[in-house]
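Going by the order they are written in, the chains are A, B and C; count residues from 1 in each one.
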Amino acid sequence: MIRQAALTLPSFPRGYHLITRQILDAAGALPEKGLIHVFIRHTSAGLTLNENADPSVRRDFETFMNDMVSEDYPRFIHTYEGADDMPAHLKSSIIGSSVTIPVVNHRPGLGTWQGIYLCEFRRHGGPRSIVITVTGED
Amino acid sequence: MIRQAALTLPSFPRGYHLITRQILDAAGALPEKGLIHVFIRHTSAGLTLNENADPSVRRDFETFMNDMVSEDYPRFIHTYEGADDMPAHLKSSIIGSSVTIPVVNHRPGLGTWQGIYLCEFRRHGGPRSIVITVTGED
Amino acid sequence: MIRQAALTLPSFPRGYHLITRQILDAAGALPEKGLIHVFIRHTSAGLTLNENADPSVRRDFETFMNDMVSEDYPRFIHTYEGADDMPAHLKSSIIGSSVTIPVVNHRPGLGTWQGIYLCEFRRHGGPRSIVITVTGED
């Protein structure tokens, strides 16, 4: 079986946001075993798995990644879409635009501490379009 | 259904190159819904999704990534394959060696601005071998 | 067909470790064509594909990534789990928590030089839990 769902996430501020619940709600009932593929249809945002507990982890992601891929990097030439645009493109490829999660016994096979992050790299990214594809068998 | 195609890309210069058309041509007719997995069989090149419009984005990728993973990093010990070899290995794992794209209504579910990049990290990488796997159902 | 296997890797020291053999042994007989998805259920370790030959590549990964995401970065606030914790979370999202490999003619479609790395980002990470999902058809 293959099932797909489209999901539009509302605007989030720049930063790293837990969206596990929204994704799993949209994915619906899961097969006995299989895979969940979550895809973001944008080049200035990303998806990753990371710690779902202490919000200070997500704040450190924001601080560190903004330093690692700095808006002040002096050699960017693609600057007319704003100082946060080119860093957003780079972060998107460094972090990635999809995650694939196993389905085990009708449940997501995530580790205890793993949650799905929406990584919003723009200051005003707007709503973000997600496609969820569940494959598997009962 | 599962269908596979092998594709050999010709030599590209070091940099980031749009290959969406070549990949989709090789993938052939798509199922009603499913996934396209694109895989590069090399450790000094990568695949990613990013902006398919302004070439200045791809030039900034090249500039920035060469600074972030510099050939001049003084602590590399794996240097006998050339100054660009170890940075290429690192970039390959940072960017990734595959992308997975949903198929929606017989079409790739890419966002408007998303294209597939071949990331060539070597100065003389030569032809690159790709495996495309399409899964889905009609 | 879909087949799943769970695998617990023993404790590895911080660093990059070839686990291709353990993963393929756990995956078992492969279909004629398909995909192998390998997933790590942790937020302070990762999985990637890279060179399977000279160990100096893996040593350079360790050296470089520890400099790129330094324990001495002064702006981390999530520090109570140890100096190596927040860098481990960041590396996990930069490197990624899964790899997907095509299956071609009942064999993994890896390139000649590609191996699967367990990326252990903690000094004392302990055993690591892996889920392998093989999809395909004969």
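Here, a residue touches a chain if its C-beta (ideal position, glycine included) is under 8 Å from a C-beta of that chain, and two chains touch if they have at least 3 such contacts.
Computed from a predicted model, the values in this text were never measured in an experiment.
Student: Determine how many degrees of rotation, between 0 and 180 and to the nearest 5, align the Cα atoms of chain A with the equivalent atoms in chain B.
Tutor: Angle of rotation between the two copies: 120 degrees.
Student: Interface check for copies chain B and chain C. Shared numbers divided by all numbers used: above half gives same, below half gives different; which is it?
Tutor: different
Student: Compute the distance, rounded to whole Å, between the mean C-alpha positions of chain B and chain C.
Tutor: Going by mean C-alpha positions, chain B sits 19 Å from chain C.
Student: Could you pull out the residues of chain C that touch at least 2 other chains?
Tutor: 68, 94, 96, 100, 135
Student: Per the contact definition, I'd like the list of chain B residues that touch chain A in the complex.
Tutor: Where chain B meets chain A, its residues are 33-35, 48-51, 54, 56-57, 59-61, 63-65, 67-68, 94-96, 99-102, 104, 109-114, 117, 135-137.
Student: For the complex, give me every residue of chain C touching chain A.
Tutor: 1-2, 4, 6, 37, 39-43, 68-69, 73, 75-78, 86, 89-90, 92-94, 96-98, 100, 129, 131, 133, 135
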